[in-house]
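Next, two complexes with chain A in common: one pairs it with chain B, the other with chain C.
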Partner chain A sequence: MKKQNNLNNTQNPGQIHDIGIKRGAGRLSREKIASVLEKLIETEGGARLSAYINTCVHCGLCSDACHHYLSRGCDPRFSPAGKVKQTVSTILAKKGKVSPEFIKRTCEIAFTECNLCRRCQLYCPFGIDISYLMLFIRRACHLLGVVPQYIQDTAHSHSATMNQMWVRDDEWIDTLQWQEEEARDEIPDLRIPIDKQGADIFYSVIGPEPKFRPQLIYQMAVIMHAAGADWTLPSAPGWDNSDMCMYTGDVEMTARLKKVHFEAAIGLKNKRIVMGECGHAFRSVYDVGNRLLGWKMPPLPTVHAISFYSELLEEGRIEIDHKFERPVTFHDPCNIVRGRGLHETARYIINRVCKTFIELEPNREHNFCCGAGGGVINCGPPFKTKRVESNKVKADQLAAAREKGAEVVIAPCHNCHGGLEEIIEHYELGMELMFLSDILYECIKKK
Partner chain B sequence: MHAIYELAGGFLVWAALVIFAGGTVIRMAWLAATARKKDAAVFHYFSFYYALRSILHWIVPFASRNMRLHPVMTAVTFIFHLCLIITPIFAAAHVILIAESWGGGWWYLPDAAADIMTLTVILGCVFFLIRRISKKDVRYLSTAGDYILLVIVAAPFLSGYWSYHQWSGFEIAGIVHMLSGELLLICIPFTRLFHMILFPFTRGYAGSEFGGMRSARDW
Partner chain C sequence: MDRGNNWDWEPGKREIGDLAAWSGRYDMVYAPCVSPDGENIAAIVKTGDDEWSVCVNGRTWDARFEKIWNLMFLPDNRLIAMVSDSAVWTVAIDGKTWDNWYEFVWSPVFGAESGRITVAAQAGLRYFAVTEDTPWANDFNALTSLTTTRDGQTSAAVVQHGSFPEADIDKFQEGYFTAALNGSAWDSCYVNAWEPELSEDGRHLAAAVRTSIYNYTIAIDGRTWDKTFSCVWEPKFNPKDNSVTAPVKVPDGWTIARNADPIWQGRYVQLWHHMYSPDGSRVAAIGAPEYGKWTIVENDRPWRIRFKDLVTDAVYSPAGDRIACVGKSDGKWHVALNDFIWDTPWDMAWQPVFSPDGRHAAALVEKDGKYTIAVNGRPADITFAAAWQPVFSPDGGRLLIKGVLPQSMGGQYCRYVLKTENVAG
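What follows is the complex of A and B.
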């Protein structure tokens, strides 16, 4: 595009200072980049890469799928195919002979201008998987050592502790016991069973739960108790099902993390894994980690909290004491809706528990991304303004539901919470954000 | 000129057909072998049922949300592609030539229909060209190759139309028609026109993953 649009600074390439990108690129030379990229294309750039890149007829039909593009005044650089053009297509055309400056910009696009939400795959007539292409670029960035600092820090935490948040082993156990103690004030015989051999359910959460949102563990314990579930959490690493390495391109670490997670459940002889309300972790365990470890499907049944809650309601194992009064709307998270088709299951729960349900438009598989997923929010504060500006379309979508009366937004995903929280605050929407477990905790009969 | 006519109507037809078929087979074989080596999972996740389900939603007009969002583009695309494929196979002149050369032949289109369909392809190319230039996002994506391909696709139809109507210089138009048709065939396996062959595979794979693994719809 020859003519420069009238854009503000956050939209102009390379304006955001990120030390991980800057220092990483500073260590590179053209020769080093070429040798790394050539090797990557040779070893990992297979038939999918070739088919996707060469099938794209540059029709632009993917543009309208992308919240970045729609939110940025339809700036073509933010369209899915536009991002491919600026990154992977150029790298392939130049056979990896690109400059450190190019890698900086490429890194920023792949990490902060695409949420890997796969909405565009539903809009491309050929089903081209842009998230696969952006992950290929992130893999390249990882191998080149050019990754935004904040998300790289979480990847380091994964490597060192096998959890995302530098939670120490004793802190984890301590948090579980603390939540058990708190919950016993409310329900005296409640337990949070640790390392229970042979329990039906291996419950796993993401690192940020013990770190920032321990009440979610409390709430789940109350739900499990009410349902009379035979459940447990492990004391050792493997309790954290999250995975930022999947998003930094560190596939070796992703495989290690998922192995530890599966082995924790298998080691305790638990019958299945129930995962907390997180989307990316579900993608990592259900769709990505299993493949990296050589399993077509996860080695033991793995379900997201939504499926679990719905099962409890259907089987009558939990009962609704009173319906949730305030009108709610529901944000379909990409990784469990486009990634697992749980949209109707979630609606079943909401209709059972809430009095008034107002749909977002568009919804289900066509819902707009939260703007945080795909590791984008994990790139941290340097990109906050960019993130919220890149998702005005989400703000408009939420505002339309608010006009119809919705007061509460339900989002059963941690990343979505992060993203929607920023959007609700920035665009002054005045809506409250909740997990399904918040609603269930409030409305079920506690035993 | 007679010599060129002979060449374009004889040897080059065969050459173009062989290059088209051979190129397609070789490229598909390369993709399959590379997938076996580097993307082996593709074969495990591929499901005929879900592939077909997805393909059907994308070859039936307005069956996907994106098609409904762009009704003009959808209508033009469908009509254009249908005419592009049907016209050369069922044009009376083509069928008669084949029948005269090898005997046999098959049903052919009435001349008036083929005429309209040819014009539709030409106008379709003009539509795509205007869209490519006028839509900011499409213009941004467009490379020189994309414009050249449009010309390559339009050329045999334009020259065919010209020669059928016997406008001035139609003898030359006839030769251009044969040469450009051969060029179009040759280009299919080596350019983005290969989307014609790859469509069922990329769409089918997306459908397989969405349907089989993720229990979600991809249209």
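What follows is the complex of A and C.
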């Protein structure tokens, strides 16, 4: 590895300029802060908040679970318990009577120094969910109007367009038709069915697919075609399953987004939802948004692409034409592995399709976060250097796999791709990133 | 518009089209649809390299296009599609295109009682609606959630009025979204506007709006209620007096409010898709009285039955004295009528259809890939490879069933007229 962290260099805590944080905090007074926080604690900070705060014995076992802490020379400010102490605990101890400067720093910690990856929860003897506590702080920041600019802009896009990339209704449909046209050069009778009533599968993606990675829609269409799947995508909003509002603390918008997503599938009379390769979207659809709306589970069966690919392979609906030659390693995305337990399912696919599989160490539910998740990468360019410096352990982990021969990193999650791309570039690892659909598209028998 | 009085209601079966045979004539056949009267079946067909047309009852439209989508019959039995030629788009009706072409057209909406059609359109990155080939007088930075009245004379949508710099979060929160009625936007703009709803006479427009990123309320003709909520859903006009109600979230749960004041005492975990009986005397909604338990709530009284997964497709009978809906529990779909669940669970069920006198209800249902019609809970003896919503005759005495027979029975699209008394449970 050529580059090393110089933690005395740039982007130390509190020194990053973000107009969402700066202007937001500039509009605050101590009275306003106290009023908002007191109400929040009273109305939303129930037994769960108290139990977590009062149970923590500051044993420090969470510290070694955190990639921020490990990557920053074991600086205690970056330990999970340390982040809680600097934010929630202080707010509770002071009964919300904190300064705008405190809120600025709190915002930066909650939004950019914690990926809500829940690895620390795994190592906590009491299972304290630090991500819940950081989300509580993000909720406070949302209510105070102090949110990093880029992720707030994404939340605005969600509210105006029901997708995270400001994609207009016509642009979405045009992209589907364009990808269908492209794919027909390869497979003449391929279809990307739009608004098909009664189709077995409602396929939903995240906003960046039509905006930046339309080939993923193309590839999934080829996989669906090869499998003979009865599938569709909606023409209307509801096609984007992603949700940055979940990470800005705007739970009301999360609820609206998930309503639109589920009702798009329900309205088309589709029997189940298959989601593309995204982790946070799965968390929003499968765990958070459905429950905000009053559903214990998603109202329709909902699976991540990993489960779907595995099903196609197990049932023999797609066949492998040739194995992927280059040695691969696999990055377990937090939201679908710690959050949903799909690690062995992913390995089943990789072992079926790839010739040489080299594990990252640690792996499965112990894998380190990509550093992008939890909306951290959506906080944008101001925090880029901080992000990569906060995940040197990820670079070390990837480099170790590379030393064993891994050339390709498979990551079935868009945000993971964003984070890992930055790390691979910054630490000059020279590895290629791929989605599972990239591999499957290359290796299956096309019909 | 003919409401079925002149349709063929003579009991019996007629073969209309042979979809299987079409597949031998064209390289691709897809997106079949049938007319409300069941007399026509149409599909998009590939007629050559990058050349597409529409086949109706075995006859191909003369016109050829580069792309076709959104093929559908209107309530007046006209067949429409969004079609593209030379990379511009328009609407084709029964094979004849509108005079005006745009960079894109989508989201067709039509008057349920007239078939008069409106689509969303984009030209030069400006957005507007087009009704029967006549564009709105004004265009906007963006347009979504297009809707129209039952007579199709009035259309409305959410529009973006003006532009704001990319990633300028402060500008965005000043408010650039509003609703437009027949192309005229309200004077007031909001942070967001959603779910526009027209009064039956098309004279009034309501929408859910966000006046800041924290405050939700209802706007009617550009004026908001005097209170805000932490969330609201789609507003509705009472057909009796044009008053507006909406589900609103208050501190202890969801309820229904009129002019910002709750009119129901009950508080629910969730409450949405409220609807009025045709005379406006009753209001019902899909609700969850308890977490994860779904039902119909009418006039603030929940039904006794509960569904674990969801309730959808609620509909009042024409007289307003009955409600039917679709519910799902443990992965199985059910039809429910007035607080009773029909016996048979299904793999899928569509919105029930009432007879004009309200005595009967029928629903398209599917199990193991076989479609049939259940009438008053009793499945018909015949099953199809594909089928569409049934239609009762104006006197309710006949039921029109439209379906494609399984390949083992020939694969033809057939139109059946049955005596209701013979199929009703």
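Heads up, the rule we're going with is that the second predicted complex is superposed on the first by the 437 of 447 C-alpha atoms of A that agree within 3 Å, B and C clash if a C-alpha of one lies under 4 Å from a C-alpha of the other, contacts with A are read in each partner's own complex, and residues count from 1 in each chain.
We adopt the following convention: a contact is a pair of C-beta atoms (placed from the backbone, for glycine too) under 8 Å apart; a residue touches a chain by one contact, two chains touch by 3 or more.
Note that the coordinates shown come from a computational prediction; the quantities given were computed from them, not determined experimentally.
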Query raised in the report: Does the superposition put A:G127 against chain B (first), chain C (second), both, or neither?
Result: first
Requested in this report: With the two complexes superposed on chain A, say which partner A:R340 touches: chain B (first), chain C (second), both, or neither.
Outcome: first
Requested in this report: For A:K296, decide between first (touching chain B), second (touching chain C), both and neither.
Outcome: both
Query raised in the report: Does chain B (first) or chain C (second) touch A:S63, or do both, or does neither?
Result: first
Query raised in the report: Touching chain B and also chain C: which chain A residues?
Result: 43, 296
Report summary line: The chain C residues in contact with chain A across the complex are 27-28, 30-31, 67, 69-70, 103-104, 106-107, 120, 122, 127, 142-144, 160, 166-170, 172-173, 177, 191-192, 194, 210, 213-214, 216, 230-231, 251, 269-270, 272, 288, 291-292, 294, 308-310, 312, 328, 331, 347-348, 350, 366
Query - Footprint of chain B on chain A - complex, ascending - result: 1, 43-48, 50-52, 54-61, 63-65, 69, 74, 76-77, 79, 81-82, 85, 121-123, 125-129, 287, 291, 296, 337-341, 362, 365-366
Report task. Show which residues of chain B lie in contact with chain A when the two form their complex. Result -> 31-32, 34-35, 37-39, 41-42, 44-45, 54, 58, 64-66, 69-70, 73, 132, 135-143, 146, 192, 194-195, 198-199, 201-207, 210, 213-219
Report summary line: Given the complex, residues on chain A that touch chain C span 19-20, 23, 43, 142-143, 145, 149-150, 152-153, 156, 159-161, 168-170, 173-174, 177, 181, 188-189, 191, 193-196, 198, 235-237, 250, 252, 255-256, 259, 266-267, 269, 271, 293-297, 299-301
